[in-house]
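Note sheet for the following structure.
By written order: A, B, C and D. Residues from 1 in each chain.
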Amino acid sequence: MDKHAYPDTTINLSGTFYTVQRGWTEIVKPQTRFISRIPLDRVAVLVGTGSRVKKEIEEKLGVSLRIDSKEGLVETTPRPENAKNWDPINLFKAKDMVEKMKLYDEGEDFLCVHSLKSRPVIVLNFKTYREATGEGALSLAKIAERVRQEQRVNIMVSVQHTDIYRVAGSVNIPVLAQHIDAREPGSWTGHVTAEAVKASGAVGSLVNHSERRLTLADIGACIAALKKLDLLSVLCTDTPETSAAGAALAPEMLAVEPPELIGTGIPVSKAKPEVVTKTVELVRRINSEVIILCGAGISSADDVARAIELGTEGVLLASAYVKAKDQYGLLTSMAKAAIDASRR
Amino acid sequence: MDKHAYPDTTINLSGTFYTVQRGWTEIVKPQTRFISRIPLDRVAVLVGTGSRVKKEIEEKLGVSLRIDSKEGLVETTPRPENAKNWDPINLFKAKDMVEKMKLYDEGEDFLCVHSLKSRPVIVLNFKTYREATGEGALSLAKIAERVRQEQRVNIMVSVQHTDIYRVAGSVNIPVLAQHIDAREPGSWTGHVTAEAVKASGAVGSLVNHSERRLTLADIGACIAALKKLDLLSVLCTDTPETSAAGAALAPEMLAVEPPELIGTGIPVSKAKPEVVTKTVELVRRINSEVIILCGAGISSADDVARAIELGTEGVLLASAYVKAKDQYGLLTSMAKAAIDASRR
Amino acid sequence: MDKHAYPDTTINLSGTFYTVQRGWTEIVKPQTRFISRIPLDRVAVLVGTGSRVKKEIEEKLGVSLRIDSKEGLVETTPRPENAKNWDPINLFKAKDMVEKMKLYDEGEDFLCVHSLKSRPVIVLNFKTYREATGEGALSLAKIAERVRQEQRVNIMVSVQHTDIYRVAGSVNIPVLAQHIDAREPGSWTGHVTAEAVKASGAVGSLVNHSERRLTLADIGACIAALKKLDLLSVLCTDTPETSAAGAALAPEMLAVEPPELIGTGIPVSKAKPEVVTKTVELVRRINSEVIILCGAGISSADDVARAIELGTEGVLLASAYVKAKDQYGLLTSMAKAAIDASRR
Amino acid sequence: MDKHAYPDTTINLSGTFYTVQRGWTEIVKPQTRFISRIPLDRVAVLVGTGSRVKKEIEEKLGVSLRIDSKEGLVETTPRPENAKNWDPINLFKAKDMVEKMKLYDEGEDFLCVHSLKSRPVIVLNFKTYREATGEGALSLAKIAERVRQEQRVNIMVSVQHTDIYRVAGSVNIPVLAQHIDAREPGSWTGHVTAEAVKASGAVGSLVNHSERRLTLADIGACIAALKKLDLLSVLCTDTPETSAAGAALAPEMLAVEPPELIGTGIPVSKAKPEVVTKTVELVRRINSEVIILCGAGISSADDVARAIELGTEGVLLASAYVKAKDQYGLLTSMAKAAIDASRR
């Protein structure tokens, strides 16, 4: 099934016919409502134990969700009276949240900082490796999807801009962009906006990777733009000091990577453990919420375990996964090591 | 029909079963062959008057093409004995050429500089306009596809990286990237390679647009990388002098755009005709092959006609098309004006 | 008097002859000593009330200072036994401190964060204005020098790289570079190192001005490089959030400037006072030491007063001073307003 | 003698008193005249054999030069009637030419492309090497000055921005900047304008060095800005193709340097002679005037000779000179080899 093939159309929801409205251009009127179709196996997630997730969305955003669990259809309607400071954008946010159900596994909390923190995070950066381009990106994402579902670890893939639509449309795994520009939609040829990566199915983006550094002003603008669209920021930094600085900007995740170790196979968690512990220390003084990842040279299950033992919540890796002979085996061992280490 | 949905599979070609091989990774063995499926209405183009196009491909590249005109299937096999200096890459090139049939209209020559020169060129730059993102890009490309087919003008669309796959997979029009980085595939997070835009279905890229300037060294490297992959370069420049410099790098197309007029609605062809004529003069001294386009402020059929009268082969425009109330009407009038002017 | 004209030579210090050693290349031996000549009117500053400044330098750095107050000569010799963790570099630091006496006024504390905080700060950015280039830079710096001495306000000038040597050699005012690159000395053609601006007489540099943005990693590296050479960092930022981020990097000064107001004559302190107060609030949570300046649109004494009333320690301004008809009058009124506001 | 110490003043020229006017701000009135003081040993150069140089300036620019050969004073007055299309700027140009006499040796032609071509060119790039900063730059420039005068080879030094004023004011050798930004004077903090490097005494600038690449548009703008101020452009390029492109922009000099060889000690003239010969071939098709230099890895007299034998007019080198144990010996041998090779 190609999710992109799903057309705007009139459908039957629990006996009533509605026109599905898509896109962001509609003006919210009192009678506005969205119908989203989500995979059937996600319905249980949305309902959650005791309808907890559903209720959380309804209460926080002042909406009402009606779920057709046979068809996997969800109707989202406004209930302004149930939320203070209600804003029409809430309706869009709720629709988005519903459609983001694919991001986490049954029984898990909703995709939010709290939920991300409940399980280790492994972000796989595909870079522009030839093996990870086009069809290659798709294959590598599918392996990651399988391990994610088997091991229940928060595995995400960060793919090239040209591959976001292809991967996000075919694989049930959160897809991150590798970069966005600090630009609003407009007259900016050759740039990549937060709106564009969202429109193609990404749930967030790396920001300021060492191979794509941004100015401090642009980092601030990118994180703000991503937040505005309910997309995740994974801010990359190089030292404990710049990590502390980055933490003040409140990204959802922060990955510290000494650039001199990237791609070396020498893990920062072994070569420079003090960089990791110092980062955790300085960042926690400023921001207790941000998920801290450890990158650069991560190439084995041991490296992942060590990173988590030093106080982080997971890892960011690239070549070790993309170039592995047995990607499934490697990622499975990493996921298991991450869970073990996080339980200690 | 989603061309991306077309799987690798065993198919029946004129009574014989073959396995369709996809991708670039296969090693060419004597028995290697490719089966491509092309739209039925393109078969006539491939065969051409007196099989001219087919023969041209076969002779130039040392291959043999067998065409099943009912199914739209083309089998490409090597004939090294028919070409001097035969190289296995020829087989891939031939397959690509076959699959690029969508790029030109029935009765036209193959997509090459000669063919592009036979009809005016209109490149539509979608920039990162909100209206031209995601589904919007698709809609705008479909309108352009219709005018291209009706008016037989070389209309191309240049879309955001995130939209290349979506548009190229659904619309029968040449798709250009808006930018590539001067990077080989590899450890370059957040960059866009020529390989990546090709893998998503683009047939070329803008290079050095005024909103995405490149160093001279990178322009040289980008044009070389695009050529190596048989992709088109549309080099953007700002003055007659830098246009002459750019012409020395032998891009297929060159668009001169005084940056101060971009987006103003004041056409360079009226405000600064001497920039255009001087560009044509200086460029022609160095390079007689390159197709010269005129950009910046082009917003009406008159502007297009004037640009061609000044010696160019077409135009590059953006906001005038994207923001038009009646895109179909505007583009149709521009295409007609272009043909009229080019006949004078 | 041109301080650059002052040669290495043998001189008579209080009846004994020494060879003055210059530069940073000497290896410190037990008998190593430096002789510095400082303006006679600075001797009193160095001695300070009850020799406080002299004692502070001697104790902190493990050196001994002998002062010839008639000739303005100061001999700096090592006293490793008086400081814990003594390092040969201390001798150079002490010499530098002595020679930096020009940076503050009689009766003031030494140039350090504490001292800078005791009086309002006005940083004049000369940008690349034609009027502030070459001889023009010299004239504008001399006016600033006069007001600094008359009003006892911490006025500094930030000049073009090409003018640092000319201005610092002729005017008794702290000179800042407008930018440095995050580069160690080495194979970096066309870059500007911290070492180079120091060698030409600058006492620090702006970092990340809105017209010369840096990556977060480079900001971290620049501030570290400046600190290592005992140079001041004046970090420029654009929002309360990026100001908080910047504060985590511990620059000596931080100037918040909403870019959209720079050069407008509309002072941030009036147009967006909440930007200033929010900046002060967020920055102070992270860093209580950094001196906060307010920039963008500052053009009158009123604007300066308002900036200080909002909680900052001073201002950063450019065009208002450079383009003023009466620079002396404007700067005098600003300095007076700053003192008044800081006393409230 | 510090040329910067030379004040505006009233002086006696051949019995008449004039006020020396300095700077570029004066408005040229009929009675406007400039008095320049040049070193006595340059007077002969200015007069030249049969007054050729003097006449050339007078005729080309429509001015009259009166020379006091005892005092080294030159009076420049307008003679509009002697030149077609006379422009007041001519007077300034003539004054500048007079004051640039230091740039070439007695008996040589004036500093112009023609003159530069009459003798081999050696450009010494000091980069940001620690040894070539501040006082170090001065020492290295003085050695180069000595070899220039002894060997009569066109040796130039390219110093850091912070050192231009110091070196140009003390050493009798043409000083180039290592980079300029494509910016007019104005609100551009931390940038370097052509005006600024000229105001500090530079006679030109490197443009687009491989360690400071520029966009094609900015290269065009920089060369135009330098030309407008009568400053020399030394454009650096990386391949024969980009060299051809660069040649279309008409810089005075063009240095081809494959970046992968820079700083290696492996001379391009030996490792990749075909890069040099191909560059000469492609460049000459487009521009017969530009002086072609060969850079990257030049480290011995042999390398210099080989570069000239391959068709260039000289070399650009950096580390080999800066890091040499015997700079005087190395440069002398290079200069001799250059002359020998250019006579063959």
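Going forward, a residue touches a chain if its C-beta (ideal position, glycine included) is under 8 Å from a C-beta of that chain, and two chains touch if they have at least 3 such contacts.
Quantities reported herein were computed from a predicted structural model and do not represent experimental measurements.
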Touching both chain A and chain C we find none
Count the smallest number of chain-to-chain hops linking chain B with chain C, moving only between touching chains.
-> 2
Maximum distance between Cα centroids and chain A occurs for chain D
Mean-CA-position distance for chain D and chain A (Å) | 56
Length of the line joining the C-alpha centres of chain C and chain D, rounded to whole Å = 35
Per the C-alpha means, the centres of chain B and chain D lie apart by a whole-Å value of 45
Please list all residues of chain D that touch 2 or more other chains.
-> 210
If each chain is a dot and touching chains are joined, what shape do you get: line, ring, star, complete or other?
-> ring
For this structure, give each pair of chains that are touching.
-> A-B, A-C, B-D, C-D
Using the touch definition up top, name the residues of chain D that touch chain B in the complex.
-> 208, 210, 213-220, 224, 237-239, 241-242, 244-250, 259, 282, 286
For chain D, which residues count as touching chain C in their complex?
-> 2, 4-5, 22-23, 125, 127-130, 133-135, 158, 160-166, 177-179, 183, 185-193, 195-197, 199-200, 206, 209-212, 262-263, 318-319
